[in-house]
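Structure in structure tokens, see below.
All chains are identified by letter, namely A, B, C and D, in their written order; residue positions are counted from 1 within each chain.
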Amino acid sequence: MVIVMRSGATEEEISAVKQIIESHELATLMMPGSVMAIGIPSSIPTDLRDPLQQQLEILPGVSKVTQVSRSFKLASREFHPESTRFSVGEADFGGEQLVIMAGPCSIESYDQLRETAAIVRAKGANVLRGGAFKPRTSPYAFQGLADEGLRIMKQVGREVGIATISEVMSPDMVGLLVENVDILQIGARSMQNFPLLIEAGKSRHPVMLKRGPSATIDEFLLAAEYLLANGNERVILCERGVHPLDRTYTRNTLDLSAVPVLKEVSHLPVIVDPSHGVGVAKWVPAMACAAIAAGADGLMVEVHPDPRSALSDAAQTLTPEAFGAMIERVGTFAHVSGRSLPCAAEAG
Amino acid sequence: MVIVMRSGATEEEISAVKQIIESHELATLMMPGSVMAIGIPSSIPTDLRDPLQQQLEILPGVSKVTQVSRSFKLASREFHPESTRFSVGEADFGGEQLVIMAGPCSIESYDQLRETAAIVRAKGANVLRGGAFKPRTSPYAFQGLADEGLRIMKQVGREVGIATISEVMSPDMVGLLVENVDILQIGARSMQNFPLLIEAGKSRHPVMLKRGPSATIDEFLLAAEYLLANGNERVILCERGVHPLDRTYTRNTLDLSAVPVLKEVSHLPVIVDPSHGVGVAKWVPAMACAAIAAGADGLMVEVHPDPRSALSDAAQTLTPEAFGAMIERVGTFAHVSGRSLPCAAEAG
Amino acid sequence: MVIVMRSGATEEEISAVKQIIESHELATLMMPGSVMAIGIPSSIPTDLRDPLQQQLEILPGVSKVTQVSRSFKLASREFHPESTRFSVGEADFGGEQLVIMAGPCSIESYDQLRETAAIVRAKGANVLRGGAFKPRTSPYAFQGLADEGLRIMKQVGREVGIATISEVMSPDMVGLLVENVDILQIGARSMQNFPLLIEAGKSRHPVMLKRGPSATIDEFLLAAEYLLANGNERVILCERGVHPLDRTYTRNTLDLSAVPVLKEVSHLPVIVDPSHGVGVAKWVPAMACAAIAAGADGLMVEVHPDPRSALSDAAQTLTPEAFGAMIERVGTFAHVSGRSLPCAAEAG
Amino acid sequence: MVIVMRSGATEEEISAVKQIIESHELATLMMPGSVMAIGIPSSIPTDLRDPLQQQLEILPGVSKVTQVSRSFKLASREFHPESTRFSVGEADFGGEQLVIMAGPCSIESYDQLRETAAIVRAKGANVLRGGAFKPRTSPYAFQGLADEGLRIMKQVGREVGIATISEVMSPDMVGLLVENVDILQIGARSMQNFPLLIEAGKSRHPVMLKRGPSATIDEFLLAAEYLLANGNERVILCERGVHPLDRTYTRNTLDLSAVPVLKEVSHLPVIVDPSHGVGVAKWVPAMACAAIAAGADGLMVEVHPDPRSALSDAAQTLTPEAFGAMIERVGTFAHVSGRSLPCAAEAG
């Protein structure tokens, strides 16, 4: 249940609402904004719902009382009508300018990351991606450079002047990532790693949350709710494909209808990762353009100076040339959508 | 197995290849084009494959012999490198101009269809859609006007000067549909209705085949292969969404990555139906734009003068105004993709 | 909406209910049973529902009025509490004795079918299966012996004294099948072939309906509703596996929880087809036993005297020996479930 | 690649194999058993594979050299032909006697757990389940008693004389769980939480790994491979249902064909959780019986003295009476499968 106060409601009026709720041994969640709203996050006994609603509706200063159907609250646009917008370095999430995240799947060396960062920044990226701790299906696959990788990323980010993002896989690593990168990535396989969500929420560091391969929209937004409910307001959603009917051609099925749905239901910025979404480099540009046309706020793509030598995800990784060509095409779609590319690309 | 002849191969050389294949009691399939190719559609005994390939490769006039991995042949671009292109009325399938199919889910009356046809044509559609025989999940739902509906469609198509498409659900109805509409539609639930595919193939009337809700790309192209193998070359593929993770927000999951995949693997034109794909009118325009950005050759959308009164699919049906606005947005994406809208819309 | 009359309600009382419903221009569906129930199959305008319910509830002879939530009515146990039970030859559907359907995927010749029939009958089958018209994903695969196959099946069924089942793929073939086999099979790909469902319903010949690969339980029961609403009461449901997560090990995912769900929600008998469900012969017996333990009324399995030479589905077909061993195992599970094998098997 | 030695191969012969492999800068993995096998866990350069195989095959003491197709090795039965078997308290995993894990979804209090433990043990359970840290989709749902819950579980396990299992959600909690419970549970949502798998592997404490909701069989076994490759041989697999077509009737789709597949492909014991698999208490017993018929080594079910008051998963939780009745039914299926119930149940 959410109680929306009138604009200009007094402290006393707000406090009266709070008291009545707490008299029923229910917790309250204060949600300040253009008007104050008061949420009741825990579930309310069935037979209390209607009487409580009636009791609250007649209080002075109360504008409306809604029994929320969706189980997420802080992630819902219903009570946070303005789109969330925030900056990380030069990247403006939720703004008119697109966010372009690019870089290698794995950080392999200082030289590899430095070279890639310079290339992608020049071609228009405003966030550098790169994995230091890699979630690999097989224990025998390359697992990443770990701490060393993060150190490299921090240095390269500073030198090249680009914001950075890297994946965190366990709660005890949140601190280490916060120190070294500008945005924490929570991967698809970790979408319901609740201890990790809580820790990343408490960190108040920007977080990009990827949708799990069989997560419904509600499950995805409830995972985001964990971040928000733990105090983190800088949350980015990322669609990266759901489990496919088969894998003959694509690795996943990129669910682009999630973009307009998420943009309507939630106020959080939405990024699309076509690299994991299709898993085949030659089809990435078409899906990147489609994502922008569908209304995405940005893209995350894998780029490597020499994809054939990449230690992971080689098949879906773009060459610098392919990335540049893609950004050009994306730019034309951005313009007709009333969006723009990051400045470097526009200047380029 | 497919044997590709050199350009300029003589009749004798081609005939020698044919003879050797038939000496093994295997059928041949002649596939003329810029160069002649000869297919072996039936499966070849395992122990014959390699010797046969070697035997054929050394013949004069033979350019290459390939053991086809995919089980579809006629639908494959591998041996039909040029994109299929054909016209139906003013609609140019596979050409530079997009095909826009629009109209009501069901034909309800002459007045309803006449009004809708005039509106959608004026706003840019070049094909009128409308169901006379409706595949309905429940036996208690409106089943369509049947023959009467087809008669109305034929009349309206002529009066308004627009090509028409309607669904055929059983082989014995193919003749009736061929008489009354310009394009046969085979619905998602009928994608593997093989007697229907055979009859529609033999009719040689243009056919649009919709992808089944759990059909893989290969199963989809093998269904198209039924049409092609029965002599029909005017085949259109339509992506309309696959079975979703859940139906809280959308009716299906529109698989837009199928567009670049199908355009590469096959030579057939690809249409996207965002109305069934998402099932919610307000999200149809975003997905229509995304489909064009992904490379689709056209769209099929549901439009009704008064969606609330529509006898079927009301939730996903656009008003004339929403359709007009959508076509305008689609046009801007078409232009930056090097495509154009149908003339009526360009003029409008 | 369904109006359940008291036991002993008079003709006049029933007729009064009917009149009121029809005065609102709604159709009625008489559902006789231990007590008479009257259904309103079409949808009722929202604002009429509650007043109509109140109007009917106070009529003499009316026991209760329910606004049915599920959209299927005739297939629902709610208004047909007793399980449907009927015999075809020696097979007793819905009874205590299990139904065992066995035979080759395709009818290949008189000798092949005669031999298989004799074997499977001796080992306990009471229905002979075999395809004459085969739904094949590829147009180049063996398509069945057609009419000739049906003629063979009719003859073999008589000679061996076993009921027969074969698939019908289009409405115009229903008559031919009815003449030649005892049970019509509607395959998974045809589950929503509505013209076929209507024709098979009107035939009043026993029909086994297979669940489509991405059909929900409600979609499955609505397809059965088509058969029932067209006058056919001898309908059998068959679970045969849904689209799998991947096909590395199994062809489909056999959804055995559908068995207790269907047995509770519907009154129709439920058969399980583990051959298509898993697609690998060695795993068929385990799934056959599990199906019986889950409460299935019978099994359909593919058996061939020499599976390696079978013209279709070789990988999932049991040898006669494997079939005999499976029936023995199934028998022990049947006994502890309070069921029995067909007589031949019990005697064997 | 795996090199299987002859039985009786000498230390020198084994050492010669090892040397050759390492001379190519490849790591070796010694897999002792009835015969010694030597694995090469990392991937071998393509052009080295065939020469290396030939080089090794001719060495004295080598029985065969296989290029493993599946990417899991330690979890594969191919090189570990005997079934893994081990005991935890009275529970014998992989033996003839079934393992029955039962208890509440969440530990709510000492009294609740003590009462449940006594009941389920008396009725035949040999492992007590109960969650202290709960993975909840919503941040507003009951999250478990945490450390206090584990303390209760340890005490109750000792008092009642029953082995215990509880879920661990992050790597830093592995130590705490190891101290307090006999078996670590890794939940479906954590199946690809690789840091957790590594830590649980290193602990060498028995672990039950649940299959993720969209995990293929190979992804599941590769997750188990993480545990095994980190030194833990006491690994139990648990099938608990995959993402369903829809959730109208069941919460998940229990994939029972995974049981015979996993039992053949791997040597690890396989448990089935029908409570999460279907999510509805009334259908749990049918699926429990089906799981045993399919060849499962045991069951995990949720039982609560008063399911309506349970703080989580109330809908799928059995009453003590329903649990007792289920165990009786399961027992009859166990007997005809050549298995037995735990002693308490047999005595009861």
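Basically, contacts are C-beta pairs under 8 Å (C-beta built on N, C-alpha and C of every residue); 3 or more make two chains touch, one makes a residue touch a chain.
All figures in this text were calculated on a predicted structure; none of them were measured in a lab.
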Problem set entry | Labels of chains that are neighbours to chain A and to chain D | B, C
For this session: For the pairs B-D and B-C, output the one whose chains share more C-beta pairs in contact.
Result: B-C
Problem set entry | Most distant chain from chain A by Cα centroid | C
For this session: Please compute the C-alpha centroid of chain B, do the same for chain D, then give the distance between them in whole Å.
Result: 47
Exercise. Once you find the CA centre of chain A and the CA centre of chain B, what distance in Å lies between them?
Worked result: 36
Exercise. Could you state the distance in Å from the CA-based centre of chain B to that of chain C?
Worked result: 33
Seminar exercise, completed: The positions of chain D in contact with two or more other chains are 214, 243, 245-246
Exercise. In the complex of these two chains, what residues of chain D are touching chain A?
Worked result: 41-43, 71-72, 133, 135-140, 169-173, 189-190, 192-196, 213-214, 219, 222-223, 225-226, 229-230, 243
Exercise. If you look only at chain A, which of its residues touch chain C in the complex?
Worked result: 243, 245-247
For this session: Give every residue of chain A touching chain B within the complex, in rising order.
Result: 214-218, 242, 245-246, 248-250, 253-257, 259-261, 264-265, 277-278, 282-283, 286-287, 289-295, 332-333, 335-337
